[in-house]
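Letters A, B, C and D mark the chains as written, and numbering starts fresh at 1 in each.
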């Protein structure tokens, strides 16, 4: 039900948008709200599942289930989607106005945003790996078009291509992993697979492939580079796809397949390493960025690093914590993205360095995004506090090293969040801000409010996360999150985080050089550069290969003869040749045949060095006429007769065509030296040799069975005929003749087309 | 109507149509629409036949009412009808497209009808020599069609096409005659039975000739050098026909003569087939990447896509053969859509091209993903890591070329010179795209066809 | 251009070639030769006229001007023979009378539909040869005209 | 005999292939005709029996030539020669277009165009074809 609403929303909004460009946003938002309500209602009333055959030949099922994990992500997709759509209804017209584009261009924007929402809901609910893949790629398609929304801008185009390449190509790995699991266990269904898979190399390989797809989608190192580039999209898109939804799809996949993944320690370790790296790289780079959306993008990389680490840590705290983290992060991060958009819209500046002190002119926004920032930084009284609490608890289970890592990561978050919010709203800079529409502020406030609400009543949020975590673990999870005013390790770690975070903020001069160096190193030798080099390299390689392409008919022919000959040779090599070839005997009756064959060969050879065209035509026809003689000696008078006649007509046509071309042209051509370069002789020899091989091998081994021709001979009287050949042509195999004369007629049609514009007369 | 009635009609309807159209001036709208209706009727027959075959098994008819073997057997099995249906469908769509835009040659509709007749005959005949004859009908029609519109480069393309493919035809003819000599029959079913008893060294050379002839047709590396010039040179609907319908001969021929008639030799040549296939996949995709002209990208893409079909044939077994059929069908539709879309402009056409591009790279919900899935199933079940990796690599490269060219055409400011083309033609392209989406969203019919066709090959 | 002798011989040859063609066609079922050979022979007779007397004169022979059309009429006739048995419920391209039935003879000419099939081929081939050569000769004329206006 | 036949067929095919590799378009056509001849000779020699013509009354006891290959050869001869006619008219059209019957001139024209394509230009493709005489005539016809 929610899925139906969600999937319907995109075409509905597009249809409305086509009628009235302004209608797309409200209709989309209404559908969004409806889908949100349906999901909530559906989940509250105990979930619900659809499981029907999709493609029985391959055991594909349309298996969708609104379980905890699905509900969490579906609510996020529709809820944040609603906020973003409301925001866009004001933002997008402004955006289009800046670019002198018609309002109607916005329709496709809404179409793809809603398509994205629909596929995200579907992805959340899908329980079949192929179905997951379908929705997975649908989100990639929607994202591709949204990033490339400003398609006139080369940067947008390149970014869209990059996002598509990274997420699309890695998605294929998901497919391969799914197929591997299917080949081993005979099902694509995730619940069934969860019951069947055993730890082992197969699971590790397949799981690794699937995990790579998930990690790339969640912008984890080393695939993280596409996300900052994807910021070329309009801000609402960044707020939605690239903080709350598209990137969340990656960890959703991890959560969905967690029952499989957790059976392999290798996989969990990989998650830990990749997650930690992303956390660190994203965090540090976020500290170096000046452009607002870039900062947020790297922060997202880092934040999903946390989630991945939590899945890697595993256990109840890991699984539930990851889900909770995704939920809170989505609320906070989309609020921050939207704030960035509003600020840029109001001031015209998208860099920290050009901003500051905006709390005076935009107090409401400052509060709203302040709460969201506090949530991200895990301050108490926000839902964010609990996300870190669960994270710390999960890390503690694993040991002090991870606890330290967790504190370090959280401190980085604290630092760059402070940098972001403080940089915009505090300070003394005198950035000017226009009055902004309330529509650009309210969604931020609402999202901030939700964060705050979660800090006070954590129950519903945690309940959702618990349900989702239980689905990942395939076992009921029991985790509590509450404020404890005591000195338990989690609280101490939180305090340490704040302290370390403040220290990082204050010690900026100390580390900014090092961080900048890391950033530059990343630019010079990082994966993004590798991607760029790879793409350019491919294009260059392609150019080079193209220059080597055969462009001349002669080389084209040679390129067929040579490999053909090699294949024929290989064929002979791989088969036993002993006793295959026979020389045959020459009997007295064959003498005339032999005498006729020799001139044929001579005539054929003569054509290769005849200069004048007319002579060439005559030599050719003489070869034809002698061949007719050969046919006669073979006991084939019909063939001989037709060969003679055909040869006559062909010679006439040949001479006629020669007559069409001025003598000088022909003479010049004939005067050119016959190219007897050894290469040509070689190719011709290869062709002759392969023909020889095929023909000799064949002629040596006539069929031992009775030929069907005997049947033809016997039945000729039944066809009321005396000549078996004529009977075959007109009756037994009349269809061949019908085809043959059709070719003749076709040639006439073609010749008339070429010479007479297709006129029959 | 029953299958027995539909079988001859499927071939004869376009054939009679072709002969009649030759007498009329195809540029007149009336004549052009008559050709559309006629090919549509032929298509309906083939579709009816397809259903009949899927429901009731193969349909046979011996021409002339003679016993089997004496006369020529028309045999419609799942493999043949699948290819026939797709090819005629592509021809119909391309013809409609051209008719909507205005036919410019008297003979165009007749040539297209001849092509349809030749192709249906070729896919539905059970006789090796008859196959050659139908092959020649469709090839001759193709030579003439390549020159359609008669610009210099089109005539040039037609000449290259004709010379190279005549070479291929002769090689194939030699193979057919050789098969007759070593088996004493032309009926492919009997031939398949008898071929097993022939001296391996004799028949392997014949198998090589068959492989070369059809690889040439399919445009596999290194037999592909004619292909870009021809696809780039010909008029878009003609290119759609050539790559979407005519090229099916290659895939079908390899399946029919390789997997069906000469399975032992195919197995022996697995290595060669796989090398040719993967080389085509990589080479075609690599060449396509930096090409500027859409038709050229599509031409090289066709080489790469043909490679997948060959790889599937090389892997062998029911899953792989089904994959080959599914891939060939989807590839036909993709190529038809892309070539037709490349001829037009505008938002609808852009969307259609995008659907085609997503289908080529195998992104759902476009049908291409079903084909890719089939390929991966085949390669994974064969247990070959290298093949899976190469297929993956080919797919990754196809992402690059498909979307580089897509962005270049549809995402850059339109240069104004481009005309959007008539609305009905654009709608037609849109419908093709919808068809491809539908086949991806509900892949069951495609899979059933593929499995039924593979069943034909395994049933022997 | 051509001597009176040649002209006379050419004129004289036309009828015999046509008769030979018909003979080949009629005898086809008992001896070598069929519609195809007959068509080529007949068209060669016409081509001789074309070469000796020029296109205008040759086109006075019935069927020469309409050669292209004739070819397709022949094809249609052949196809008709293929389709016709379907209406009677037989296999495609069945010839009548069926095996074993009595056949009317008129000399070597048998009244069977296979002969009609051969006739269709005859017409088609005649149309093809005359049509193709005619198209080339027209092209030669056009080229000559352009050279010497 | 088998060996000799195979050799002759191979020689014809090889000569044909050699001619296809030449730069003169006419030679290319001759080459195609030659390789078709090779194929036809092969078809005939691939008959399973050799002997008297397969014409009733059949000679008692003596071997009769395989009629099926004869029928096949007939079909193949007709097809290949008519396609050769098509090739000839293509050569003529190429001559009209390039004023030459040299494949090098033709290839040069192709290469020029390919280069233009590489530069992203689209020299002759864009403009609508000029009105051909046939078009004009059509209008008269329909009037």
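Here, a contact is a pair of C-beta atoms (placed from the backbone, for glycine too) under 8 Å apart; a residue touches a chain by one contact, two chains touch by 3 or more.
This is a predicted model, so every value here is computed, not measured.
Between the chain pairs B-D and A-B, more C-beta pairs are in contact across A-B.
Distance from each chain's C-alpha mean to the overall C-alpha mean is smallest for B. We define each chain's centre as the mean of its Cα atoms; on that basis chain C and chain D are separated by 23 Å. Between the Cα centres of chain B and chain C there is a gap of 36 Å. With touch defined as above, residues shared between interfaces to two or more other chains in chain B number as follows: 15, 19, 22-23, 25, 63-64, 71, 74, 105-106, 129, 133, 136, 140, 143-144, 147, 150, 155, 159, 163, 167, 174, 177-178, 181, 184, 186, 229, 291.
Among the residues of chain A, those touching two or more other chains are numbered 546, 551, 553, 557, 637-638, 642, 646, 649, 653, 657, 660, 691, 695, 698-700, 702-703, 707-709, 712, 715, 721-723, 725, 729, 731, 733-737, 739-745, 747, 750-752, 754-755, 757-760. The residues of chain D that reach two or more other chains are 20, 28, 38, 42, 46-48, 53, 55-56, 68-69, 72, 74-75, 78-79, 82-83, 85-86, 89-93, 106, 110, 118, 132, 134, listed in rising order.
If the chains shown are joined wherever they touch, the resulting network links each chain directly to all the rest.
Considering their complex, residues 5, 8-9, 12, 15-16, 19-20, 22-23, 61-65, 71, 74 of chain B touch chain C. Against chain B, in their complex, chain D makes its touches with residues 20, 25, 28, 32, 35-36, 38-39, 42-43, 46-48, 68-69, 72, 75-76, 79-80, 83, 86-87, 90-91, 93-94, 97-98, 106, 109-110, 113, 117-120, 122, 124, 126, 129, 132, 134-135, 138, 141-142.
On the chain A side of its complex with chain C, the touching residues are 637-638, 641-642, 645-646, 648-649, 652-653, 656-657, 659-660, 715, 718-723, 725-727, 729-731, 734-735, 737-738, 741-742, 744-745, 747-748, 751-752, 755-756, 759-761.
Contacts from chain B toward chain D in the complex involve residues 25, 27-28, 104-106, 129, 132-133, 136, 140, 143-144, 147, 149-153, 155-156, 158-159, 162-163, 166-167, 170, 173-174, 177-178, 180-181, 184, 186, 229, 232, 291-293, 296, 417-418. Of all residues in chain D, only 1-24, 26-28, 30, 33-34, 37-38, 40-42, 44-56, 58, 64-75, 77-79, 81-86, 88-93, 95, 99-104, 106-107, 110-111, 114, 118, 132-134 touch chain A in the complex they form.
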